[in-house]
Amino acid sequence: MSTKLKIAIVGSTGYGGVELMRLLQSHPYAEITSVISSSSAGSRVTEGYPHLQHIREEVLDDVDPQLIKQKADLVFLATPAGVASKLAPQYLAEGLKVIDLSGDFRLKDRAVYEQWYRKPAAEQADLDQAIFGLAEVYGSQVSDAAFISNPGCFPTATLLGIVPALQAGLIDHSTLIVDAKSGVSGAGRGASLGTHYSELNENFKAYKVNQHQHIPEIEMVLSQVAGEQVTVTFTTHLVPMTRGILATSYAKLKQDVTEQQLIELYEQYYAGRSFVRIRPQGQLPATKEVWGSNYCDIGFSVDPRTKRVTIISVIDNLVKGAAGQAIQNMNIMMGWDETLGLQFVPVYP
Amino acid sequence: MSTKLKIAIVGSTGYGGVELMRLLQSHPYAEITSVISSSSAGSRVTEGYPHLQHIREEVLDDVDPQLIKQKADLVFLATPAGVASKLAPQYLAEGLKVIDLSGDFRLKDRAVYEQWYRKPAAEQADLDQAIFGLAEVYGSQVSDAAFISNPGCFPTATLLGIVPALQAGLIDHSTLIVDAKSGVSGAGRGASLGTHYSELNENFKAYKVNQHQHIPEIEMVLSQVAGEQVTVTFTTHLVPMTRGILATSYAKLKQDVTEQQLIELYEQYYAGRSFVRIRPQGQLPATKEVWGSNYCDIGFSVDPRTKRVTIISVIDNLVKGAAGQAIQNMNIMMGWDETLGLQFVPVYP
Amino acid sequence: MSTKLKIAIVGSTGYGGVELMRLLQSHPYAEITSVISSSSAGSRVTEGYPHLQHIREEVLDDVDPQLIKQKADLVFLATPAGVASKLAPQYLAEGLKVIDLSGDFRLKDRAVYEQWYRKPAAEQADLDQAIFGLAEVYGSQVSDAAFISNPGCFPTATLLGIVPALQAGLIDHSTLIVDAKSGVSGAGRGASLGTHYSELNENFKAYKVNQHQHIPEIEMVLSQVAGEQVTVTFTTHLVPMTRGILATSYAKLKQDVTEQQLIELYEQYYAGRSFVRIRPQGQLPATKEVWGSNYCDIGFSVDPRTKRVTIISVIDNLVKGAAGQAIQNMNIMMGWDETLGLQFVPVYP
Amino acid sequence: MSTKLKIAIVGSTGYGGVELMRLLQSHPYAEITSVISSSSAGSRVTEGYPHLQHIREEVLDDVDPQLIKQKADLVFLATPAGVASKLAPQYLAEGLKVIDLSGDFRLKDRAVYEQWYRKPAAEQADLDQAIFGLAEVYGSQVSDAAFISNPGCFPTATLLGIVPALQAGLIDHSTLIVDAKSGVSGAGRGASLGTHYSELNENFKAYKVNQHQHIPEIEMVLSQVAGEQVTVTFTTHLVPMTRGILATSYAKLKQDVTEQQLIELYEQYYAGRSFVRIRPQGQLPATKEVWGSNYCDIGFSVDPRTKRVTIISVIDNLVKGAAGQAIQNMNIMMGWDETLGLQFVPVYP
C-alpha cells in the first residue's frame, strides 16, 4: 500500500471529483490520500454524496499547497474555470505532478482564452508548460509530462472523430461542421434554471451556439493537425439524459473514399490505443454503449450523393471526457499501461 | 368580450400561474386581464416563458390590491406558502373573489398550520371564511363561496380515492396507509439541488417522510367524513417525470366487498361529477392517462388473502392538483358548468 | 351539431390517430363520426387507450369505403406507409375528402418513392391529384384541394426553417446540412427493440443516416423553391423523450446578412400565418416550448467567423408534424380560419 | 489464468446475462469461458450488444450440458421462468455447480409455484436441493451449496429491509404492507407495449397488484423468520427509469423503538456483511445511490403519531437484485470473500 502513488483531488464535491473517486477506487497502483474542497473543507464527502458511505468517509481538506504536498504526489484539479489557473502553479512549485481537468491551461493563446472564457488567462509560462492530454494524438508528449491539461469533453469526442481523416488529407476542413449533443451532467452540480428537472425533461435545445468555449480548443488541435488555420462551425445541444456526448461531424470528401477505407485508416491511426473503438461498416455508436467507461466509439457514413462523410463519435462526458481521460493521462505519465484502473465495461442497459 | 369575467393571476411566473394561463386561454366566459408577479413586475411573461410568444405578451403587474381591483373581478393566488395569508385579505377587502392555490387557508387550526408549515398562520377570521375547494366532496359549499382555498395536489388525489369508501364505512381508518408518488413539477420552478436534473434523472426516492405538510390536510377531511379523528401514515416519493401524482392507498376492509361493488359505490358517489373516472374492474390508472387534463382516475384491487383494499388514484398535479381544480372551483362559484374551459383530452402519449 | 363536418379517422389505434381525436375533440365545426382500424375493428378505442374513457367510447369500424361514406364527409388516413396508397383512391372515388398523414402521396416521382420507401408506389394519377399540404408554403393550393398529402414531421420542421432564406437567395444550397433530432413517438406504437424503454432511456443515437425516407421529400420542396435540383445532407437522431423535433440547419451565406435581417425576412414570409413564430434575436427555441401545440418556432445564429447561418426550428412531431397540421389543412380546405380547434397553448412544463 | 474458476452463462442475450459479463470481467478468480444462448447460438454477443466490442467477441454456444461441462465449472442460469427447471438438473447431473437467477427453484412448494407462475414447477427433489441465496440471511447454507437459487429482485430489497426487525419481534407482521417501485429493466429485453418508450416515459403506474409472483417468495422467508405464517400486502409500480428498486415497507411497531435503536439493531444484524449499508438517522436512501453496485441501502422513519415504522430499502435490480448477488453467492460457495469482483462504487450521477 505504501508504494502506491498518492493522489489528491481538488474539487471533490463536483461531479468531476466524485467520478475520479469512483474510478480510482480500483486502481492497482494509485490511492486517494486527500480529498479537497475549498467550499466544504472540514465536512465529510458523504454529506453531499451519501452513495460513498463505507467507501470514502474522510473529511475534506482545504486547498493549501503545503498540506497537499505532505499527503500526495499528484493532484487532480477538478475545479471550475478560473480556479486552476491560480492553484496549479502553486502545486507545481511544491513539486507535485498536476493534471488539470478545467479549461484553464488548454488554450495556449491568452487572448483567445480571455475572449471565449471571459476570465483572466493563466500566465504564459504556465500555459507553455502544460501538455494537452489527448493521449491518442499527443501520447508521446504526455509520457514525459509533469503537468497535463486534460481536454474538454466536446473536444475529446470531436477530435477523436475528425483527426485521422483530416491528417490523411481526406476532408476539406473549410466545410467542417460539428453538431454536438451532451447530457446534462456536463453542466456540473450547481443548481440553476438551466439544469432544473422540469425544464429539461422531455425537452431538447441548442445552447451557446457559435459561442461555446470549446470551439477554440477544437480549432487549436485541428489547425496543428492540418498545418494551417482551421475554423469550424460547432453547435452544442442539451439532451435530456445525465451522461453522454455524441458528436456528428460533417465534411466534404476531397477524394472518393469508402466507409471500409475509413475504418481501416482509423484502425491504423488508433493502433495500440485501448480506448478508441472503430465500429464495423453499417454500424453507428450510441452514447449508452460507452456509458460509465473510458471508450470513445466512432462510426462512419459516406454519402455518394453529396460527397460528404458523416462521422459519429460518442463518449461518456464524465469518463473519457473528464475523469477517465485524466486517469489515462496519469497512467501514461507514470509509464504504466494506459488502461490501469480503467477497464470498466460500459454499463448496459 | 366585455362581459367576460376578468381574471388576475398573482404568481404568474411560477408553474401554477403559467398553467392557469394555459387553461384559461380557451375559457368561454373568463379572460385574463392582469398577470402579476411581485418579483418580476415590469418585465414580460415571455421573458421567463418563451412558449407564450404571440399568446401572452403583456407586462407583469405588481401585487397592489387597488390596481388589481381596477382590472379584475377574481384573483387566483398561485404564490408560495406564507404569501397568500397576507395578500388574500387585502383582495377580499377590495371586493374581489379569491381562489388561493397555496396551503395558507386549508388548515382551519392555526396551531396545526404552524406546526407543519413552520410559518405564521393566517388570521382565524380569514381561515373561517375560506371554503375548502374539493368540489366532489364539498360542492354545495363551493357554489356559494367568494373565497376558495384550493386543495393540495396530494390531498386531491388521496381524498378522491378514499372518501367514498370511508364514508360508506367499508374501511377501518386506523389501518390507512397512503403511499404517494409525484412528478417533480410539484416542487415549483425554484432551482435547487433537490430539483437538479442530474440528481433526479434515473433516480427514485422518498422525501419528507411522515413530515409532509399535506398530512394534516388529508386528516382534516377524512376526520370530517368519518366523524372522528383519523390519523394516516402518508409517504411522498419523487418520480423522475415532470407531471403526475399516483396515490396508492391501503386499508383493511371492515366487511367483504368486491371490486365491482366498490366501482358501483364510487360511480354513485361521483354521479354528476365530470372529472372523476372510475376504472372498470381489473384496470388500474396510470398517471399519463390524465396528463394535461383535469381528470382524477381511480381503480381498485381487493385482496382476499389479506382482506385489504388497494386504491390507486391519479391526477396531473398541475391541473386537477392545482390550476385545473382552481378553474373548476371558479366555474362552480360562478354558477357555470364545472367543465367550462377544462375539457382537455389527456395528452397521450 | 348536425351541420358539423363529419370526420372519419382511419388508423385510430396509432399515435397519429389518437392525436387527431385529442385535437378534434374541441373543434367548433367538425366532429368525429367514425373511428376506424382494420386490425382492431369491433373493439373499443378505450381498450387500447384507457385515457379516452368517458370521451370516446365507441366501437372501431372497419376500413370499408361505403360504410365510411355513409358516416363521414372527410377521412384522415393515419396509417403506415403502403396502406394509404391503396385506401385513398377508394375513398376519393366515394366522393370523400381525404387527408393522408402517411408518406404515400408526398413524392410525385414513383421511382423515387420506391427507392426510399422500398414499397410499391401509388398510381401516378393519384399522386398527381394529391396536394402537398405545407400550408405556409403551398397555402393557395391547399385551399382548393379535395385530397391532401400531409407533410412528414422532419420535412415540416426542416422546410419551415429553410424555405424563406433559400427563396430569398441568401444561402448556398450546395452547402445545406440538416442535423435533425426527434422524440421517440415518431416511431409509432409498434413495440420493438428500437423503441424499448431500457434501450432508449439515458441514450442518444443517430439512425437511418443518409437513408431516411424524408430526404427526398425535403429535396423535392427545396428544389421547387430554388428552381434547380437541391441535394441535402440530412441526419436523424433519436432523443430520449416522447414528443418533439428540433432541426439544426447549416448553410453558407451568399451575402452578409444579420440575424435581425433574417428575423424580418421570416416575419414577412410568414405574415398572416398563425403557427410559425420567429424568435427575437439571441433566442433559440426548445422543443418543450411548442409541446402539444401546432406551433413551429424558428431562431437564428449567424457566425461571422465561418459565414454560415445556423437555423433552429422546432415542432411537436405529433401536432405540427402530423395531426395538427392535418387539421390545419382541413381548416384551409374548408375555407375556415386555419387556427380553428388548434389554439392550444404549449404545455409547459 | 488456468487456475481460475471457469464460468458459463446461459441466457447471455438477456439483461441478466449481460450484467454477469460486465461484473465478472474484473473478477480476480473467475473467468467466463462460455456464453450461451439457445435462441442466438452461433452468432456473436456483440451483434446484440455492440458495447461489448473488444471485450467479449466470442460466438454464443448452445445449451448442451456436455459441451458446457467441457468448458466450465460453474453455470449461471439467466433464463426466463420455466427454462431453468429443465436445464439445471442436467447441469447438476454433469457435476457442474449451478446458480439460477430465475424464479424456478425459489419456492419450495410446487403448488404455490404453479399458482403464482402459471407454469409447471420443477421436480421436488431438485427444489429441495436448491439453497435460497440470500446470503445476509442464509449465509451459512450458501457456503456449503453446489446449487443456488438466487433471490428475486423485489424479495431482495424487501427482505433485507424487514427481516431484522421481524426477527427481533419489533413489528406486528399482520400489518405488513410493502409498496415497491422498480425501474423498467426488470422486465427484461423483450419488446412489448408494456416496455415501449413512449408509453412509459413521463408515466408512473402500478402493475400486477396483489398478483406478483414475488409475493410468495417474500412470504416464504418472512414466515421462516417469524416462525409462523406471514401474509403481506405487496404492490409493484413501474418507474420511468432503467435500473433501481425502492421498497417502502410499513408495519405497526409492537413496542416503542427509536430510529437510532433500529439502526443499531440492523448494524448488528448485518455485521460482517459488506453489501448492506444502514443510513444514519434522518437520512433515507435513493436508488441512484446504489446504481451499478451490489449495495442494499436501508433507512428508517418511525412515526410516533401512528406507531408505525416506515423502512426504505434500495438496490440496483440488475446487480444486488440479480447478477451481483449471484456472483456474491458464487464467492461464498467458493469460500472466497463475498466482495471479490464486486467492489464497484455506485455510479453517481
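Think of it as A, B, C and D in the order they're written, each chain with its own count starting at 1.
The working rule: a contact is a pair of C-beta atoms (placed from the backbone, for glycine too) under 8 Å apart; a residue touches a chain by one contact, two chains touch by 3 or more.
If you want to know which protein each chain is, UniProt gives these names: A, B, C, D = N-acetyl-gamma-glutamyl-phosphate reductase.
These numbers come from a predicted model, not from an experiment.
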item: Far-end chain from chain B, centres as C-alpha averages; value: A
item: Between the pairs A-D and A-B, the one where more C-beta pairs touch; value: A-D
item: Whole-Å separation of chain centres (CA-atom averages), chain A against chain B; value: 46
item: Approximate Å spacing (C-alpha centroids) for the pair chain A, chain D; value: 36
item: Residues of chain A whose C-beta touches two or more other chains; value: 15, 183, 185, 189, 198-199, 201-202, 240-243, 285-286, 288, 291, 349
item: Touching residues on chain B, where the partner in the complex is chain D; value: 175, 177, 179, 181, 183, 198-199, 201-207, 209-210, 231-233, 235, 237, 239-244, 246, 248, 250, 284-288, 291, 301, 303, 305-306, 308, 310, 312, 349
item: Residue numbers on chain A that touch chain D, as the complex places them; value: 15, 18, 21-22, 25-26, 49-55, 185, 189, 201-202, 242-243, 277, 279, 283, 285-286, 288-292, 297, 343-349
item: Residues of chain A that touch chain B when the two form their complex; value: 15, 183-185, 187, 189, 191-193, 195-202, 240-242
